[in-house]
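After this come two complexes, each holding chain A, first together with chain B and then together with chain C.
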Partner chain A sequence: MPANGPRGGGGARSPGAPPPDATDKPPAGALSKGPVRSGLRGSDPDMLMLIAKRLLGAIPVLLGVSFVVFVALQLVPGDVARFILGYSATEENVQALREELGLNRPILIQYGIWLGNVLSGDFGRSIALGVPVTTVILDKIGASLLLMAASLFLVLAFGLGLAAIAGGHHRSKRDRVVVLFTLFCASMPPFWLGIVLLYVFGLQLRMFPISGMYDMANPGGWPDVLHHLVLPAITTAVSSLAIVTRVTRGRMIDVMTQPYILAARARGLSERRVVYLEAVRNVLPTYVGISGLQIGYIFGNAVFSEIVFNWPGIGLQLYQAIIQRDFPVVQGSVLAIAAVFVIGNLISDVLAKALDPRRSA
Partner chain B sequence: MRDRLGGTGVRSAGGSERAVSTDPVVTVSGLTVDFETERGTYRAVNDVSFTIGRGEIVGLVGESGSGKSVSALALLGLVPKPGRLIAGQALFDGRDILAIPPREMQALRGRRIAYISQTPRAALNPSYRIGDQLDITLRACAPELTGTARSARALDLLSLLGFHEPARVAASFPHQLSGGMCQRVCIAMALAGSPDLLIADEPTTALDVAVQMQILAYLYRLRRETGVSILLVSHDLALVRSLADRVIVLYGGEIQEVGSVDAILAKPFHPYSQALLASVPDPSRRTDRLAYIEGYPAPVPPDATGCRFAGRCAMAVDRCRTERPNLRPAGADTRVRCHFTDVEGGRA
Partner chain C sequence: MTAVATPPRRRWLRSPTLRVLLSDRACATGLFLLAVICFAAIFAPWLAPFGPDEATPMFRLMPPGTEGHLLGLDHQGRDILSRLIWGARLTLAAGIIPVAVGAAISIPIGMIAAWYDSLGAAILRVMDVLFAFPMALLAIMVAAFLGPGVENMMISLVIVLLPYNVRVVYQATVEQKSMPYVEALRAAGTSTPAILFAELLPNVASAAIVYSTTIVGSIVITAAGLSFLGLGVQPPGAEWGIMVAEGRTVVFVAPHVSAIPGLFLTLLVVACSLVGDGIRDALDPRVRASMGS
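Right after this comes the complex of A and B.
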């Protein structure tokens, strides 16, 4: 309660006047177009503006990522032409191939040529496979997106659930259990966790297959794929799940101290409705925002689980391309990953904004 | 019953129509609340006893930290953390609502005992439309209503609080409404049940003066037309004077003076009440200085002795610091906790 002293006696002594009509109207302009609807609407100019801004902002991000990777690949030890031709090839042949691949030109020229080709839709050909990079990526990205979607689903579903249970009952037993669980999840490197899961649930308990996307001997359609998906998805999800749960729980604890929670209790709402109806709604913008940021980490972790579980995705392809010095595939894969990252963040930003009714222009 | 809320006009300045029955809606006795902080245990409310009659408006007055909000929230079973109910009884409907199971207390909240807060906008969920929040409240307070009946009732409640376009208000978010409109929405939600007791915790503090009067007018009409009892928590003596029938003056978690509003505000006995009244600026007299009470209320440990106000009291003597005065009759219908009520025939 504010500490200001009692107010002037004259004012409130005779509250006789009926409520003035003027105050019945909402503040000027606030409702002039009718109440604002939350949710995505194509006609919302603010939202379109945000999307346009973010798409424009994505261009330098993608350029920067591709350039940094391009330069970094020059630093990888070993000569591409030598690698392709093998160590028994003559120096002249290697030089000839270098010339043919354009490897003797300055880096900026090489990058400019690559960029020009990319803008016209040509990502080059895979050195190792001899097919266009676009074919390689389109071939593999489906499996990666499936793995990412499954991991993201685990992160979204369990992240919000655990955060609500823990933050809604701060310092309770279940809160402590959740905090301990997230600490455990955050401490698991995905390559190590993948190997442990593979050993325990794949080799020992034989509950899940240990490798690939289909049962080679007896492929069984979607159920088979989902069965193969379980362990890699968990491996990919855990560290992001820990972060989403922790951040959302923190916001939840904060929301639970707000006056509208006390007011909701005073209105006779059950504790369950207070937590899961009144409080959870207000953590959604935070939750969606932090989940969007996790998309990049999920893709990064997916590379590890694709390698551990031999999941035929873009991460495994990228790993193999790096080993084989297949630079066009590395470049294309990284660009595809960056594009997924940018689009994922854009979607989460738009969603987070749409979920906050007080959003500004 | 809320259809009778249609009339206009509130009590005139004189306040002639105080038809208050003596049948108490709630009887509080020995309410004691401790706050257990890292720096020790403090007594926020100590041995507070009072009754609120049916249809009565009781003002609970005191400065910040006097324990008035904690006392009010205790009646809702919502003592804020780290507070803990140490002792006390509150008879409501023949049951001690401080001792009943949480589930039963939850059933009383909203339906029989309602609450409006000092921060009307913050008391509304920022993410839901007013109509949805009313619907959630009605779901809890009037479970017998069906979906369409609930939406009709929600619009009715908004109309009763003077909104001429209830549908438009129902479709708005709290941030699109003014503070006064938010408080009217909060009162509408408080009426979602059929409360016998309304706890109004500084209902006008956050509002500007014109809107304050409007809210007071609604509270007064509400009492007259539904017979609801109101516990009006406030530091604003002018507000209490204009609305309440009786006043409880709280200091340091203890009742210092209790009696009819006319008696106490015309002729306060307790030095604290006197000082509180003296610090209300008088617009008819020009002065360079505003009167105030020196110092701040200090946190009190549970085993404190002496008068809680002794440290700031101009009249304090040694006895005040060592011996706790009892609440004693000091007039027709006034009781005061001060050693000086003995002398001069009960007049300090």
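Right after this comes the complex of A and C.
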């Protein structure tokens, strides 16, 4: 049994503690920070204000993101058109491409034109594929979002549980096992983990397919896709799962020392109830917040698992575009991913605020 | 396990920080692992049984335990152990150099941002934009546009690190700015550069350094990832990320070629995070108080 603090002291702190079976709110003023009772209260006017404020705040960020993505093209050493076409290209072709990319104009004008096009859904034309970048992205983003959603699901499904098991029983054997597990999970490069999983579960045990999204010979609808999804999703999720678990565990350890936990114990709630109901409820904002931040890691990792498992998403497309120096596709993919990232963070931020028990206090 | 207790006689071990570090078993393990890898990197020419590019095509893809080749051979018949030892150099450099450069650049930026409010607001806006990119993705984009190569890879990693470093320096400076001693210096008529770079710098730099040690691991992974994508170290260069990438093509017949360098990469990152966490804890007075007795 880990040191849980003096139980008797907890009883003394809240003299008006209700009988053991009562779980309603403790008397006001008995505790400095009340335990969570609220669920999502999205209809609050201040909540709507928060959402509106965050949405407005996201606009300059997205503009900045688009500017960075645009300016990045200037990093290409030498003449971009010459670089794209290679050294055997004729001067006329290079000039034509310069014209098409608008490279002959001042940079801010170029950006203005480019941004106008982007806002109307025109990301330019893929050099390698000859089709609009928008088509390429729309074609691939579905598979990526599916992979990302599956990975986020794994993170959300296991992160809180692992953190509660570990943090709720600080310094116990289970805690140490979880800490060691997350340490290794957070340290494995995703591309290597993918190869290992592919070899063990795909090639040796033959439990899961190792490439693509459908069975080429015998495509079988959703079950088939899900079967193909397992290994890439695990590869993508593992390091994020580790980070979410570590951070939530840390918060859990803090929460377990709070007066309201002491009070809950004093009310005679079972230890299991104290940890998995009272404490877990109070780590939810941290958990949702850190999970939201994982969207970025998940996108980064997804690039690697898409490559290893040949998953036909935007990450694999990005990789191919890099090899082919297909810069408009690189720009479009990065912009699309960054936009999803900003929006995802916004959602998790608002959600974390909504779940915070002290929000209204 | 490595030594837990510290012999009190050795004078250089008397520093309280170092003592806490070594009495933290996890951190001591990490330090030991890192020391082994650094040792291998520094003395590679003497330690490695073969050169990094020395190939015996006859034995290509032979498994670990093949005579004279402890960890086997890769698809070109190069000794994996030797490539690991040589590769430790670039793998470590790719993690440490960008972090050091990033910290050095971000210190003046973050301090100026914290000192001058209006300029600070602008700098923080720019950092917000960089924060809006997933870390790996920004590195991939910048490296892809700069072109493949070790220097470009490091430049892209410095750019990726910038917002994180600047935020740490900014917060540390804001904290120091409100301290009475700064008020006293100002009242005494000390010039702003003198306050910033003579008085504040030591405090702010230590925050930046502590933060940097915690982030080396993830930069090692990102750097290896860039090499895996073909954007960092170029073949036939020896680096652990590119070794994994090269092994991927032969995973069907010789899984050890990519498994072994990846395992070492994982161990290196584990070591980095153990040490990073240890340093952070050792400098945290609360932890130190609880461990010091």
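Couple of notes before you dig in:
Everything that follows uses one rule, which is that the second predicted complex is superposed on the first by the 286 of 361 C-alpha atoms of A that agree within 3 Å, B and C clash if a C-alpha of one lies under 4 Å from a C-alpha of the other, contacts with A are read in each partner's own complex, and residues count from 1 in each chain.
Definition applied: a residue touches a chain if its C-beta (ideal position, glycine included) is under 8 Å from a C-beta of that chain, and two chains touch if they have at least 3 such contacts.
Since we're looking at a predicted model, the values are computed, not measured.
Of the two partner chains, neither chain B nor chain C is touched by A:205. With both structures placed on the common chain, the touch criterion links A:75 to chain C but leaves chain B unconnected. When the two structures are aligned on the shared chain, A:217 is found in touch with neither chain B nor chain C.
In the superposition on chain A, contact is made by A:318 with chain C only, not with chain B.
With both structures placed on the common chain, the touch criterion links A:119 to neither chain B nor chain C.
Of the two partner chains placed by superposition, only chain C is touched by A:296; chain B is not.
Residues 8-13, 63-64, 68-69, 76, 78, 80, 106-111, 114-115, 117-119, 122-129, 136-137, 140-141, 162-165, 168-169, 171-173, 175-178, 180-181, 186, 189-190, 192-193, 202, 204-205, 209-214, 216-218, 220, 235-239, 241-243, 276, 279-283, 290, 292 of chain B touch chain A in their complex.
Residues 60-62, 64-65, 67-69, 72-73, 75-77, 183-184, 186-193, 195-196, 198-199, 203, 295-297, 299-301, 303-304, 307-308, 318-319, 322-323, 327, 330, 334, 337-338, 341-342, 345 of chain A are the ones that touch chain C when the two sit in their complex. Here chain C touches chain A in the complex through residues 125-126, 128-130, 132-137, 140-142, 144-147, 217, 221, 224-225, 228-231, 241, 244-245, 247-248, 251-252, 255, 258-259, 261-263, 265-267, 269-270, 273-274, going by the rule given at the top. Within the complex formed with chain B, the residues of chain A that make contact are 1-21, 23-24, 26-27, 30-31, 34-36, 258-260, 262-271, 273, 277-278, 281-282, 284, 355-358.
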